[in-house]
Structures are given as C-alpha cells and as structure tokens.
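Take this structure, written in structure tokens, and hold onto it; I'll ask about it next.
As written, the chains take the letters A, B and C, and residue 1 is the first residue of each chain.
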Amino acid sequence: MNGITHYSQVWSFRSGRARLMLWGGWLALVALFAWCWQVMTRDTIWFFVADAPRQAADIGNRMVPPRWSYMAELWAPLWDTINIATLGTIGGVIMAVPVAFLAARNTTPSAHVLRPAALFIIVTSRSINSLIWALLLVAIIGPGLLAGIVAIALRSIGFVGKLLYEAIEESDARQIEAVTATGASGAQVVSYGIVPQIMPAFWGIAVFRWDINIRESTILGLVGAGGIGLKLQASLNVLAWSQVSVILLLILATVVLSEWVSARMRHAII
Amino acid sequence: MLHLERLTKTYRTGETALSEVSLDVPEGQIMGLIGPSGAGKSTLIRCINRLVEPSAGKVMLGAVDLVALGKGDLRRQRRRIGMIFQEYALVERLTVMENVLSGRLGYVPFWRSFLRRYTPADIARAYRLLDRVGLIDHADKRADALSGGQRQRVGIARALAQEPELLLVDEPTASLDPKTSRQIMRLLTEICAERNLPAIVNIHDVPLAQQFMQRIVGLRAGRVVFDGPPEALTESALTEIYGAEDWNAMRQGDGEQAEAEADAKARLEALAR
Amino acid sequence: MSGAATYPRRWRRPPQIVRDRRWRIALQIAILVYLVLAIGSVEVNWARVHDGLERGQRFAMGFLQPDFTSRWRDISQGLVESLTMTLTSTVVGVAISVPIGIGAARNLAPRGIYYLCRGIIAVSRALQEIIIAIFFVAMFGFGPLAGFLTLSFATIGFISKLLADDIEEIDEAQAEAIRAIGASWWQLVNYAVQPQVMPRLIGLSLYRLDINFRESAVIGIVGAGGIGATLNTAIDRYEYDSAGAVLLIIIVIVMVAEYGSSYLRTFLQ
C-alpha cells in the first residue's frame, strides 16, 4: 500500500472528451432547432395564432351538443368504410404473398434481379401513405370506393410483404431440409416445409393490418375515395361542427371496436 | 449397393470437410459413422443425397451416379434415399399423418400433395408404418404435441414411406435420453433387418455404436481412419479417431482434477486436526 | 404383413381451428355472403376507369421521368417546411413526452397524475394525425405551424406511452437499492430510472423522427404545410411528372431516414 498516495478529488461519470462531445451534441441540436423554427415560422401570420384560443372556444361551442340525428345518414358510409378496409386488406395480402416469397433470401428464385425488385416494391409501398395513394388513384380512376380499396391494397403490400418475408427468412431450415430430402419439388417444399411454419404469422399480420386499415380508411374520403371521410369532408366544408363531432365519435367507436376484434382474433390464432 | 469414390467437399470458406472418401456399403448393412465434431460426418451423409453439393468424386447408388444428375433426376433419385434427422426435423405444425405422407412427396403431383388427396395405397401404407413404429393412435395429433422419442418414430415412418433403398441417419439419438435412445436404435436395426435395408448412421455415442452397428467407420478431419467391425474398435483405434492429444489431454485433465481434489481434502484434514 | 392389410385407405385432415362441422359451414357461408354484399356495394364507373388507364400510364411515365425543375420552387419550399416541422415537432414532442411519460408510469406517479397522463396519451393516440391537423388548421390558420402542432401532439401520445411502459418494466431491484439509501423522488428518477430507459428513449425519438417525416408528407393535404401540399397541388393540376418527382423525393428521404435512424440507434447503443 505504499504506491497509491493520491486520489482524484472529483469523480466524474464520463471522461472529459466524451463530456465535451455530449455537450457539443446537445448544443448543435438546440442550434438546429432554433434555426428550423426560424425557417418554419417565417411566413406564419401571428395574428391568427393569437386568435387561436378564441377560435378553439368557438369551435368547441359549435361541436357540442353533437347533432345525433345526423347519425342516420352515417350508417351507409360506415359500411362502405369497412368494405374499403376489408376488401383492400384482402387485395393487399393477395398481392403481398408472392412479393414476400420473392423478397425472402431463402425462397427467392433470383437474388440479383427479382429480390431487389421485390424489395423496391415493398419500400415504395411503405413510404407512401394510403392517403397519398388515394389522392393519386382518385385523380387516375375517379372518386369512389374502388380508389379507396386500391389505395388500401397498395399500402398494405409493403407492410404485409415486409413482415411476411421476415417470417419466411426466420423459418426453421431443418424442416425445409427434411422435406427437400424426400425428393419433393420446389412447390412442394414451399407448401410442406415453409407454409405451415409461417401460417400463424401470416394470419396475425393480416388481421393486424386489417385493424390499421379500418383506421386509415375512415379518412380516405377527405380526398374523395369513399366512406365516412366523405361525410367528414362535406360537414367541414359547410362548417357544420356539430355533425363533425358525431362523425368523430363514430370513427372513434369503430376504431376501438376493430382493435378489440383484431386482438380477439389474434389471440384465437396464436 | 452404395459406392462412394474419392468423395471430396471443400466449402466456400476454403475449409476441406471431406477429402477423397471411398466407401462401399452392401445391402442390409448398418454402418456407424463416428468421429469428433467437425470431422465431416454430417457433410458426408448430406453429400450422398446432395443436400450438400460434393466438390468432386462419385456417389454410386446402384448403377446411378448421383453427383452427375440434373435437378429433376436428382429429385427422382432422392426418393430412393430415406433420411432421418437429429432433432427429428418434422414439420411441427402438421399432423403426424401429414408428416408420414410427406415421405410420398417425390411420388405424387403437386395438386395431390396440396389438397392432401393421397392415393388409398399411400394412406394404407402410412397407417401400416405408423402401426409398425407404434403410433397408430396418434395419427391425427399435431407433430409438436408428441414427445421426443415419439417424434423420432414419426421421422422413421416418414423415411420408410419413401420405400427407400438406403437410409441416411444423422445423430438419431442426440436429443433423447439414454433409455429412449436405445429403443430408437433397436427399432432402427429391426426395421433394417426386416427390409434388408442398408443404413449409414452418424453417431457420437461410441458405446451405443458398438452395441448396435455391424460395421464402424471412423472419420477424422475428413478422412477415413478406421473401418472395421465393432469388436476391432480398440483403445488405440479410438485414439486414432479422436486424436492422441485430445484423448490424453482429456485423461490428463481428469488426473489434474483428481490431484487437486486430493490436495484440497488433505489440507482440510490438516485444518481439522 | 401377410395379406392382413386392414388399414384404412382414406384419411381426411382434421379441421384445426373450428372443429364443429355446422359452425364451419355457417362461417363459410357468412364469409361468402359478406364478400358478395361487399363487392356488390362497390359501384365502378368502368368508362371512367377506362379513361383513367391512359392517365395512369401518364403518371407511370411521370414517375419514370420525373420533372424536378419546372416546379422546383414549390417543391423545395414544401420540402423545407416538411423537414423543419419534422425536426421541431420531434424535439418539442419528446421534451413534453418525458414528464408525461413519467407521470403515466404507475410505479412513479401518484394515482391522480397517473390517470391524467394516461388520459392525455389515450386522446392523442385515438385521433389520427390528419384529423388533429384539420382542427389545428381551423384554429391556427394554414401553414407549417399547424403541422408542427399536429406532429408534436401525435409524438406525445407515441413516445409517452412507450416510455411509461418502459419505466413500469424497469428492474425493481435497482430502484429498491436506491430507495433503501433514502433517496428522494428526484434522485430515484435520476439514478435508477434514467440510466435504464435513456438508450431506449433515444431510439424511440429517432424512430419517431422517421414517422413524423412520413406524416408531414400527408397532413399538407388538409392545409398544414409541408410537401404534401405541393403534391396535392401537382396532382390537382394533373402535373404527373412533378408529382412523380415529389413522390421520388419522399421515397428517397424515407429510405435515408430509415437506414440512418437504424444506423444511429446501433451506434448509440
């Protein structure tokens, strides 16, 4: 015990250099934030902002009491909304299955051409929101349910495709090997070695996506793609806030109900 | 029946798993393949049905060289080779019956297998095999509902459903308890005897191999270093297979352990006195 | 095996999910009836669709030959708005989420505060961004400020919920150890909770940054600024080559953000 004579007086959690970098990082973030804020609010009309509380109070007053009699007009659009979500999900899943098999490393027939193509389809579909898909499709094939269904389907391809191809890649290689060893053809290896393994994942993903699609299809009407969103748009246009509140409550109830249904179904599958 | 000629496998990493293995397995013979892990046992049996592509050499099954075959012909030839796996490799979420019927995949068109519409002869055969391995009452259960020993019996029935001319068996008892291991080995040898079926069995358990095999081949670093009847497997032969250094090191390790224990005991006694 | 072939020659796969035959048939009929009704409710104007195919082709061409230049002023302004509101809303949203997340953790907050914070989270999660945006636009006028508020509000629901769940799952042994020393509530949060949830909070913030950018491309449709407004205008004017350019920019930024944030997350852990 004769060597150690001096203890450092200050104990510090990190070394000096790391602390400096940490503080520098925070400072850079604050500076970036301030600059972004400046740029963003350059054209803001502050008079409107100052007026916001009064506006909010006004809207709030107009929203209550909700005009319950309006509910009678909402059942048909609600039925349309559910159909958009369900048919869109079915269409999306049907298209996503081959894409997933092309994208999975262990099932893709060509790793250099088809796999990147499939991954590109998945990324494109995932990065474009269903509302944007609907906007495009309404412009192309006209307003209505079909545009909504196709928009939901196109958006679902990426989500379902990504989760499904990950499930395929995680499947147990030994079971696949065993089926191959019997002399099975490629299609038979897929249907006996892989499909039974991914079935629970498949249904779970499909039901989960259906739940999300119910949520998303409620607003597609804002751009003319059918469903209850059309009524929302119409009520907003005439500033009928008491109808807006009825619609929002109905959307909320639908979303909660679909969440419950999807949780029950996933529970039953797994 | 099976004739391997200078079979060689070099993996893409440059590692040589098998170098110039030549072997003959006559009809009805059960051959055990032993050796340390990494000796190439698993590679050898997978090169026979080309789950692993051999780099050079010949695999003659009867008059057919399996290495030279194209994709379609290979599939047809694979029907002649039944394979039984370590950890069973059953399709866990399918029923026992579907697993046994999957042995017929090489014989039926896709639509039959997809719709599960197998021919009456196939179904009767599957029931007979399940009866033979003692599982006829479990036909409609899902494979993941069975115990380890039962699953391996399903694996055997699946391989036999192919009506094979050769069995490849990869560590059939690796995940079973000693008693079940013996039952499974007995079942395997009985079935091979009934059908005069040759088999190559990878096995890491030397006493089990000596008990059940008619012939033992020892592999070390991808080469055959022992080939003879189980009685010929002397200590020196084992040293040859498993390596002198490892063998001695293992014993030395034991010796050291014993020494340390004796030392500790002596000191404890000294303290107590 | 001498002729005693009395084994069954037929086998049907037993049903796995619905075992009762009557229920199975009822379910199949119900699904069929639903599909017929649902597909029947879709009224398609085939003439319109046919006309649309030509427009679809033009859009596909626009996507393949995007025009970045002729609307570059609009595109760049939309992009700047989107990016700035993404960053500011994530920073503000996360900053507000931290106290709400702590308040919504059952093991740290008193009952009253717990219910209040969980209530805020529930409201924020139940309403979609686009609906919140409609309200903020009505209150604050058109422009990126409404978008900023929308995304901040949505961020609060997302981050607070996950943060609160994380805090509720922290290793109680460590918290016990700190409590046993006689630490105050602040010291407990600082020493026992913060080190355990900080890496995850940073990861979640980066993930949310990614989501906020995607959403910023959408809420412009209802007037909350950002690149969505540019896209909406381009499509309204049938300028498919400009729309294609905007979509490509969105895809590229989303990809960069996704790879960047996953890289940063692994780097920070």
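Everything below uses one rule, namely that a residue touches a chain if its C-beta (ideal position, glycine included) is under 8 Å from a C-beta of that chain, and two chains touch if they have at least 3 such contacts.
All of these numbers come straight from a predicted model, not from anything done at the bench.
Q: Name the chain whose C-alpha centroid is farthest from the C-alpha centroid of chain C.
A: Following the centroid criterion, the farthest chain would be B.
Q: Can you check which chain pair, A-C or B-C, has more C-beta pairs in contact?
A: Result: the pair with more contacts is A-C.
Q: Just give me the whole-number Å value for how far the CA centre of chain B lies from that of chain C.
A: About 50 Å separates the centre of chain B from that of chain C.
Q: Round to the nearest whole Å and give the separation of the Cα centres of chain A and chain C.
A: 5
Q: Would you pick out the residues of chain B that each touch at least 2 other chains?
A: Residues 98.
Q: In the complex formed with chain B, which residues of chain C make contact?
A: Interface residues on the chain C side: 1, 5, 7-14.
Q: Tell me, which parts of chain A touch chain B in their complex?
A: 172, 174-175, 177-185, 187-188, 191-193, 196-197, 199-200
Q: Can you list the chain C residues touching chain A in their complex?
A: Within the complex, chain C touches chain A at residues 17, 34, 38-39, 41-45, 48-49, 51-52, 55-56, 59, 80-81, 83-85, 87-88, 91, 126-128, 130-131, 134-135, 138-141, 143-145, 148, 214-215, 217-218, 221-222, 228, 231-232, 235-236, 238, 243, 247, 250-251, 254-255.
Q: Taking the complex as given, what residues does chain B use to touch chain A?
A: 49, 51, 75-79, 81, 83, 85, 87, 89-94, 98, 102-107, 110, 113-114, 155, 158, 162
Q: Which residues of chain A touch chain C in their complex?
A: So the residues of chain A touching chain C come out as 29, 32-33, 36-37, 39-41, 43-45, 48-49, 52, 55-56, 59, 79-80, 83, 86-87, 123-124, 126-129, 131-132, 135-136, 139-142, 144-146, 149, 215-216, 218-219, 222-223, 236, 248, 251-252, 255-256, 268-269.
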